[in-house]
């Protein structure tokens, strides 16, 4: 059998650490950050009945991280009786977005077509964003279920971004940037985001400049949001696994440095 | 009903031929374009102009030489995040042209997997032309420049698989990368390839710096075309970038001083 | 001539979309939307055909040569099966297409994505070393951010999230903005070079 290299041991260690943490199911709780509070306050303070566009701008791969974020935001918005328009600008977000809206809609007794709709997927995201700035109806003549735009009571009077209180982009990549640059800058719609942890620092400059109104990021962001809406979910449950994985990475960094400095001393460089 | 955006009902029936709110952007754009054209076409500004050493670009020859000596392929990929409209992709094509010419000369196999059919077609033309110019059109194999998948992790899995099976001696990761960056860079590291990376995605730069041998940071990627070819008209545009940086620095200093003296002023905001 | 016409088309459309950006007149908006919406959609549709045909051709040739045959066969089955399912039963929720998507594609993609966690661990072990003072400072900042993003950060010291926020908002953001300005200027000069025809590599060479 081929001898395992050091990286294989690193992989095995991480797998075991995360697996054990998932099995333990301990709720650690988190301190809520100002970024998360900002998004919460934004949805909380919108007048009930406002129309929010939720854009599922992610692929299937990031679902374990995106799902708790999306669920927390959807639960809060439905609890505040906001009306939600779902769209997907990446093909893989389509089925996922519909299922999530349907699931949370049922939890809160919401009626499709009256309290929420899902318009489905439109390719070429920049074109779709620009097009919705002129006419959402022309961009999505039918919803995801094949019903015509005009037959959906909730959408009566919703022409373009002027009738949308804000867009929340649920993203694992750079699509939020396009929402900011095209929908935000050109049509003046307020853009917020719920993004994968790896993308948080990418959007920090936009958040600081005010081009991005509010943002929550990663499993930690989801856990904080769940804490704010007093509804535990996979964000809070996943915090133990995330914490132990982070500790494991820190341990690996420390071991790596010990190995490095011992090697240097042996070579007489230290 | 099919979607024909050209039929859009333009709700805004008024509107000026020149929107005054875009005036600051218009002036800034004209100044920038003016500087680029001036440095490019003004003979004097092109004299005595050399670029500082860029280790990542100097290593291109070393990487190709290594692959030739080891009789193993070169793998070049532009990442999942870009399309052909993106300047980063065009900058990457410029480096590809140089790498392909060397690969043709030394009869080294060049493999180019991509996520975008248009990038594939353009890359085929670029590589073919390089082979022709070097006098080895028969060494060009169209199948080596291939479309693998438009899905982010489908693309990542395909390229990772190629790296594992082909064991390239050198890998070029130059273009717009997202979350797949570390997967590709670490896999390249595992097979012992020398890796040169560069991207306009700031978040992925950190992954490349950790996992790759050389990383082109920020504008280094865009300077590559002139640096590798020595073409003075292209090098002149690098000087334009420096001039624009001076303008931006001056504006920043003026803005900071002004905002400190009179925090209520708004003229510098746009 | 083979290069001149695409170059002219590029320059013309570049100029038109540039000017349309600054106008709110209905005619300018219509031109802008026609170029950005209709033309892009049409080109996008054709590129998909080009991509699919190229994919099938390259993989069929590889199967013939016996090169990585099992992988190529699986890829070809996927490329043929999914459009058939979509054409027969559609792509709405509950259709066979969506079943395959949710039960095969989603888990496979999540698996590849999750490899990142393992690679972060191995890259940290190998790459994050305090070789110099600068590297040590970078290492310290990385550790601080890592601790702050987990629950334990608050338990160790309640000011850790605040310190991490400071690192993110000040030194990290300043560096990022500087790099972004450099990238922005690089993009701008590259775009101008392409539009005025100084840069022709994207057309397949210099001639």
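When the chains are written out, they are named A, B and C in that same order, and each has its own residue count from 1.
The working rule: a contact is a pair of C-beta atoms (placed from the backbone, for glycine too) under 8 Å apart; a residue touches a chain by one contact, two chains touch by 3 or more.
Given the structure is predicted, the values throughout are model-derived calculations rather than measurements.
Student: Taking each chain's centre as the average of its Cα atoms, which chain lies closest to the overall Cα centroid?
Tutor: Smallest centre-to-centre distance to the global C-alpha mean: chain C.
Student: Among the chains, which is located farthest from subunit B on the basis of C-alpha centroids?
Tutor: Checked the centroid distances; the maximum from subunit B is A.
Student: If you tally contacting C-beta pairs, which pair wins, A-B or A-C?
Tutor: Result of the comparison of A-B and A-C: A-C.
Student: Could you grab the centroid distance between subunit B and subunit C? Build each centroid from C-alpha atoms only and quote it in angstrom.
Tutor: The answer is 12 Å.
Student: Could you please state the distance in Å, as a whole number, between where the Cα atoms of subunit A are centred and where those of subunit B are centred?
Tutor: Their C-alpha centroids are separated by 28 Å.
Student: Could you grab the centroid distance between subunit A and subunit C? Build each centroid from C-alpha atoms only and quote it in angstrom.
Tutor: Each chain reduced to its C-alpha mean, subunit A and subunit C end up 17 Å apart.
Student: For subunit A, write out the residues touching at least two other chains, lowest number first.
Tutor: Within subunit A, the residues that touch at least two other chains are 7, 59, 61-62, 92, 127, 131, 134, 201.
Student: Give me the residues of subunit B that touch two or more other chains.
Tutor: 3, 5, 8, 10, 151-153, 179, 202
Student: Hey, what residues on subunit C touch two or more of the other chains?
Tutor: 29, 33, 37, 41, 105, 109, 112-113, 120, 122, 124, 126-128, 176, 180
Student: Mind listing the subunit C positions that touch subunit A in their complex?
Tutor: Of all residues in subunit C, those touching subunit A are 29, 33, 36-37, 40-41, 44, 92-93, 98, 101-102, 105-106, 109-110, 112-114, 117-118, 120-122, 124-131, 139, 142-143, 146-147, 149-152, 154, 158, 161, 165, 168-169, 172-173, 176-177, 180.
Student: Mind pulling up the subunit B residues that touch subunit A in the complex?
Tutor: Going by the criterion above, the answer is residues 1, 3, 5, 7-11, 81, 151-153, 178-179, 190, 201-203.
Student: With touch defined as at the start, can you tell me which subunit C residues reach subunit B in the complex?
Tutor: Checking each residue of subunit C against subunit B gives 18, 21-26, 28-30, 33-34, 37-38, 41, 43, 47-48, 50-51, 54-55, 57-58, 61-62, 68, 71, 105, 108-109, 112-113, 115-116, 119-120, 122-124, 126-128, 176, 178-183, 185-194, 196, 198-199, 201-205, 207.
Student: Under the stated contact criterion, what part of subunit B meets subunit C in this complex?
Tutor: Contacts found on subunit B: 3-6, 8, 10, 12-19, 22, 25-26, 29, 32-33, 36-37, 40, 84, 86-88, 90-91, 93-94, 97, 116-118, 120-122, 125-126, 128-130, 132-133, 143, 146-148, 150-154, 156-157, 160-161, 165, 179, 182-183, 185-186, 189, 200, 202, 205, 207, 210-211, 217-219, 221-223, 225, 233-234, 237-238, 240-241, 244-245, 248.
Student: Okay, in this complex, where on subunit A does subunit C touch?
Tutor: Answer in residue numbers: 6-7, 10-11, 13-15, 18, 28-31, 33, 59-64, 92, 95-96, 98-99, 123-124, 126-127, 130-131, 134, 144-146, 197, 201, 204-205, 208, 218, 220, 239-240, 242-243, 245-250, 252-253, 255-257, 260.
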